[in-house]
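The structures come next, written out as structure tokens.
Here chain A shows up in two complexes: once beside chain B, once beside chain C.
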Partner chain A sequence: MAKRYDVIIIGGGHNGLVTAAYLARAGKQVLVLERRPRVGGAAVTEEIFPGFKFSMFSYVVSLLRPEIIRDLDLPRHGLHILPLESTVTPMENGDYLAAWSDHDDTRRELYRHSPRDAEAYDEYGRLMHFMAQAVKPILGMVPPDPTSFAPGDLAALLRLGKHFRGLGAERLHALVKLMTMSSADFLDEWFETDVLKATKSASGIIGTFLGPRSPGTAYVLLHHYMGELDGVFRAWGFAKGGTGAVSESIASAARAFGAEIRCDAGVTKVLVRGERATGVVLEDGTEIPASTVVSSLDPRRTFLQLVDARHLPSEFVADITRFKFRGSSGKVNIALAGLPTFTCMPDGAGGKLHRGAVSISPSMEYVERAYDDAKYGEFSRRPYMDIVFPSVIDPGMAPPGKHVMSIFVQYAPYRLNGGWTDAKREAFGDAVVNTVESFAPGFKSLILHRQVITPVDIERITGLSEGNIFAGELALQQLFFLRPAPGWAKFATPLRGYYQAGSGTHPGGGIMGASGRLAALRILKDSA
Partner chain B sequence: MSASSPYNAIVIGAGANGLVAAHYLARAGKRVLVVEQHQTPDLSADIGWVPPRIIRDLDLSDLRIEAPDPWITIPLAGGGTLELARDVARSAEAIRRVSPTDAAKWPDFCARMRALATVLERLYLVPPPDIETRDPRELARIAGLGFYVRRLGKQTVIDLARILPMSIAELLDDWFESDALKGALGALGIWHLKQGPRSGGTAFNFLHHHVGSPAGVFRPARSNITEVLARKSGVEIRRGAHATVVAKNGRAIGVVVDPGGESILAPVVVSSAPPRATLQPVAIELDPEFARAVGNIRARAIVARGTLAAEQQPAYWNLCIAPSLEYLERAYDDAKYGKDSAAPYVELQRTNGRLEVHVQYVPSGDHSDLVPRVARALDIEAQRLRLEPATESLYHEELTLDQILFMRPVPGWSRYRMPIEGLYLCGSGTHPGGGIPGAAGRNAAREIV
Partner chain C sequence: MSLRNTPFHARTGPLSEGQAWRRWAGYVVASSYELSHEREYHAIRNAAALFDVSPLYKYLVSGRDAARLLDHVVTRNVGKAKVGQVLYTPWCDGEGKQIDDGTISVLDERTFRMTAADPTLRWLYLNSSGLEVSIEDVSERTAALSLQGPSSREILQIAAQRDLAGLKYFRHTSAQIRGIPVTISRTGYTGDLGFEVWVDAAHAVPLWDALMEAGTPYGITPAGMLALDVARIEAGLLLIEVDYFSSRHALIESQKSSPLELGLGWTVATDKERYNGQAALEAERRRGPSWQFTGLAVDWDSLEQLYAAVGLPPRVPSQAWRVSVPVFDPGGRQVGYATSGGWSPLLKQYMALVHLESSSASPGTQLRMEITVEHRRKQATARVTPLPFFNPGRKRA
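After this line comes the complex of A and B, so read on.
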């Protein structure tokens, strides 16, 4: 007789692994099933070219919840974060804007562009810090259902109302602005330096199909700000060994608690008997029973592919069908013979430049026009890019003297006019390389290998629908009690015994793990 | 209070909001002077829902509200037109010719939008909820509003949360397939807004402009409200004089009028002019944080209005040139970079013997190509067209989600009362905003009284 599992978790991405670890810690018999040969989902490290290792998709860490790091004792399981210290934005006129790890250096640099902005910068930082603190409790909270009259929901809504009122008028207003404005409009209220606004606003567009002038992007700005001050990580950083090491450390913690993790084990179907989930079917036809099944895949695959629609209310199916993905970002991973030299900073500030990020966001108009291309179904001819050189900080990622370069690129729409083909993919890669070349002449001659990843590739490899890196857009109408569907934002699903734990649930997005943790807590509560 | 002043209150601006505020104040026994910079009322501004409550309270029995039928005529790409009638079933019949699936969804769409507009109507006739309050009466009022919304049913609560932050393109794409239909409906979502149909919050703008209209009519009604109010006795109106608020030691003492420079004193000054224009002359009296918030108000110009000389009475009431959502989005792209739309959204409205033109997007800047472009969109000779680009948002403050309810005109000061004692705002820049003539004026007057 085969081993009997309490819980089967579909998908070994970081959220699935977090769920597994928490459930195993509570004494459950847990089995994680991962389709690919390795765990991690979109947080994987792969040796794409011999000797060159890449964080293939997700490449920086900062949002991972500190309580998860504590609860699972991740440093003991190999998690080690190396700080990413600075951001340099080359400008079209040969100048640059830099934000250094040293606060005074940053202020001096800003002062060079605008004394007024240098003054505003600290106040802005304080406000964002505070707002992120104010929103953080919500990340660790199960969203109440405002349409329900259950005492638990009413009490939670009241608590929420009290929490927000406790912020005080000024901050409450700032929160409303952050939830509703475009990052461009929000930043216009603070700063006058165009390149500063462009670089800041870029974090408001990541993973969205929106431009910096589109309302809703100020929230994504805040979402990304939350990682920058967690106390545990001083700032954005790399995991030593790539983001795959984050997944490996969670997997190791889960195993230590007794969870079983099986790779090369894709699930095709959730078994349903008597209107409840009773197990899963693998690609090879094997059936594995379990009293609880958890999907950490995105909502589309969780509800429209793994489960037959007849087991779900039609209204719910309609809501999930409407859930927006619209992947908009690509990734170019490059193996380098040496580090490129940027025109704006030929000495690389004594090596500081390559230890940090290089942001290709020279002006607001540049970023907005990049969006315009995508809006009408083309990849950006001159895209926004976030470039890092992980091997500079973590030499183990590349052979001695050589380097790896990771370029996050936006926009590359999933639905490209005429569809993505090999030729289109290479043309997209060329647009990326040529744009970098225009800021760093000679860069092309350093390229040993390149891997170009489009949203279609992200979908094919990781399974993320439409290649959306957040497993569903982080738009206001897809957040909190609406993520992924009204009435079903509490990790349970309309199918008894079936739960959801991926980034497509609250709070979603980034290597955060909050969804996975909340799902586990919900399952434990229901089975108690 | 100044003993020498014959007035209890001075109202700046004789538009619908200023006059409604003035008449409500007069009704409460105040002696009111209205100062208006223009000699004649701007009739083209009388677009939008006049709340029945105002008609009743002020006894505006000769108010004429237009109800064009069909309410819109949409030229189709392949020739012919799509005409939407006030009757939902007849509209559905017309839509069937362009898309049977859209026709099938039309009645349900109209009902869902109507339910949401009803919620807004309720919110618009009272001051915005004061979410910071500790006053038990206000808390009870907010709870009452919450309870009212929840009683409307689960679907409405979910729709409110989901739809308000959405883009109008997303909303319409959820429902319909016909470009012509989506273009004409989508145009209402960007009405007076420097946003494209794919920008979040435009679904709210669409619903905002649906208030007061029957189900299935998605254009605000025209009326002769300003004219009716101007004729009504009870308040004194001085025309051709531009008034500026005068404040001393943190309180408003009256206005100074130009030309002439005469000071008129009154203990209460109520301005229906744009918030920034009203407050900037008294900036020295304001707290710097408040002044900064006033400086941050977004009220960018985006519309040109005008008239078309008609050779003969046209066959339509309201002609809409917005062939698709993409057409609107591309028109917006030009405006993003500070240029007039190369192919603009144009609407013609026949009213009272004249043809009015609404054009978007027309940001501030060079307008030398505007008239020929609009003429091309309408396929008419340019000489017949007279256009006036606005220099600021005609709604005094853009209706974006961060500038409505308790955030309008500036966060935390939505109760019409300004931080200068005796100074009130009552124009489109206050809750509930433009396109609802008189509502802000009534709410403000009730706060003052």
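After this line comes the complex of A and C, so read on.
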């Protein structure tokens, strides 16, 4: 008979690890089971090409909840977040738009494009700051069920109502706009510079199968604005050692609290006895019993694969079946012999260009057309890209003088016409590389190695269904008390003793850890 | 990417002995040219100090409805102002909370130059809907020098080769200095006799040279922001983001102020048509503002005693400070806060600019201001003093 655990956590992604750390901290006997040889899920660092380390999937950190960093003392476990300070958008006419870390520099740069936008930018920033502040408390709360009359739900709804009333009319109106508009329409209300709107709107489409003109994308804009580091909103950073180092630091904290983490240990089934989860079955057939089982996988795997549908209410199964994944992004990781030179800024602004992000979003039309390709089942011929050079900020990522380049690419639809093949993957990689080459001639000659990741690869390697990077689209109908299904947004599931903790639950998305933490708190409350 | 130099940098750069620069609206300007700002301060009150004030935001507002636009934006009555006049004025949001303050020069019936501490282009545009007006940001192409002090008029008269006795306080005139067309306004930020000279940025350096040459026999002294800060506190002139927050930057309601709360009630016109914040300001005037902005003079004897208690002679700050310092009534209740303060070398007085609840703000009221003496928080007695602390007759004469 195997050792008995209080809690088994399926999946050693960052959320699963956060759940494990919090539960172990509370004195539970915790076992994390990870299918791959290393923890991290989509937040992993791997040496894909000798000497070159890549944050293979997720590549920047911003939303990691500050309370998790404090509670788990992550800096002591190796977490070091380095600032990512600027964004440069090369334009097709050879010009560029830059947002620098210094306010005066940014203002002067925007002024070059539009004096009015230079001022609107500050006001927009202030509004988004308020909006982020308004939405922030929601990220840390268990979503109440608006249809429930349970005292806990009513109290939470009341608090929420008060919170929104306290925002004041002006901000409440802005919030409603953000919740309903497309990012393009929302940005049109603020700015006249096309390239500025294009670059801003890009953060409204990340991880969704929507274009900048699709309603609802304004909220995703805000979701990305909520990035917060050291109490500063809109701060994005690199984890030293890549995003895998974030996972490793959480794993280290979890182990320090007494959690056991086992890799190469894929779970095939959740054991159910007497309509209650009683343990798991590993790929090799081993059964491990536990009083509580937590899945940090996405909702489809959690409910449709690990558990037999007959243990779940059929309406719930139908809801989960309808839950949208629609992976739309890919990733190209490149080992470079040197840094590419962009036509728009040959001197790289004295090194600042490569220390920040390069956004390939030269115009609204460009981004919308990239979506058009995807809408009809093709990858974007000229895709939106978010490019960073992690080795410039963290030299340990590549051999001296050499560099790693991370290209987040959208759109690459999971359901490609005719399906993804090796040839299609390489064609997609070529489209990415050729597009970069058009803004940075000579780039191709610097490439030592390239790794092209399609949504199908994301699904195959990390297990994220349809390769959706948020474990389910960040669409309004799939958020808060609707994530992943109405009535089941509070980390419990219809199966007793079975909990959900991944990004497919509220609040979802990004290396945030909030889902994992809230799930742990819920489990502790239920077991108290 | 670095901060920008002003058009005078070819001259001001080499003058800087300690490379002490400060940011101002995306530019660098001298904190002080010499290692101490003391002599620069005394030049303001004793001879003439020359300041580079080019970073100010400047807008040219022109067209048939230019006065209408400005009248809608600011609280002073622009329509009534005459050509040649300069108005100091705040402007407010719809709730009567102050956004910024600056000046408006009436260049002709249809042309106005507006100065502002913050970028204001978008705000002017937002208010110009339906009006026939053109708004031009001339911040970069207009350079400006401020010549302040008792000798400033004589120096300018020599440089411009004309009599300026007729140029009254807050008036401006066109002139030529060594063939360079300039506008001279009798304005400044020191509360002294003084002028500001506006010039096309291309002529900046020759203008500097002309003024320095004409002024050398009179003790003209290039001066930086540290000296200016002392003088503006003596003059009771408030500074945005220091003494008040722009309502557009405030994060919470209590960070906002109305002109009536900032001692600028005199700038809020009662004789003009609708303008931003009018209803709120009129209502506030009727019920009386809850806050007052005024001076506070720290009692020397009290200061001396606090230091004597730890065995030290009294100390005064060597530079003006810009932090929030609590102010209490004699019973120990906090009734306000100081936002700027410092030692006046001229008046030999420790002065502060304070926001006080109206009930504690009448001149002469005895209060206490927090002073840190040898790492410990103490309270020195202080007296409410009307602004300005220093108001020489030559300012308007």
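Keep in mind that, in the parts below, the second predicted complex is superposed on the first by the 520 of 528 C-alpha atoms of A that agree within 3 Å, B and C clash if a C-alpha of one lies under 4 Å from a C-alpha of the other, contacts with A are read in each partner's own complex, and residues count from 1 in each chain.
As a convention for this text, contacts are C-beta pairs under 8 Å (C-beta built on N, C-alpha and C of every residue); 3 or more make two chains touch, one makes a residue touch a chain.
Everything numeric in this text was worked out from a predicted model, so none of it was measured.
Partners chain B and chain C fit side by side in the overlay (superposition on chain A). Shared-chain residue A:M181: touches chain B; no touch with chain C.
In the superposition on chain A, A:R108 contacts chain C only, with no contact to chain B.
For chain A, the partner that touches more of its residues is B, with chain B and chain C as the two candidates.
When the two complexes are laid over each other on chain A, the CA centres of chain B and chain C sit 80 degrees apart as seen from the CA centre of chain A, to the nearest 10. In the overlay built on the shared chain, the residue A:R126 is in contact with chain C alone; chain B does not reach it. Once the two complexes are laid over each other on the shared chain, residue contacts for A:E368 go to chain B alone; chain C is not touched. Contacts of A:L476 after superposition on the shared chain: chain B is touched, whereas chain C is not.
Judged by the touch definition given at the top, the superposed model places A:H173 against chain B, while chain C stays out of reach. Between chain B and chain C, the smallest C-alpha to C-alpha distance in the superposed model amounts to 6 Å. By the touch criterion stated above, chain A contacts chain C in their complex at residues 100, 102, 104-105, 107-108, 115-116, 118-120, 122-123, 126, 349-350, 352.
Contact residues on chain A toward chain B in their complex (touch as defined above): 146-147, 149, 164-165, 168-170, 172-173, 176-177, 179-182, 185, 189, 210, 213-216, 322, 324, 365, 368, 372, 375-376, 475-477, 481-482, 486-487.
Of all residues in chain C, those touching chain A in their complex are 1, 3-4, 23, 25-26, 119-123, 125, 137, 248-249. Of all the residues in chain B, the ones that touch chain A in their complex are 131-132, 150, 154, 157-158, 161-163, 165-166, 170, 174, 195, 198-201, 289, 296, 298, 326, 329, 333, 336-337, 400-402, 407, 411-412.
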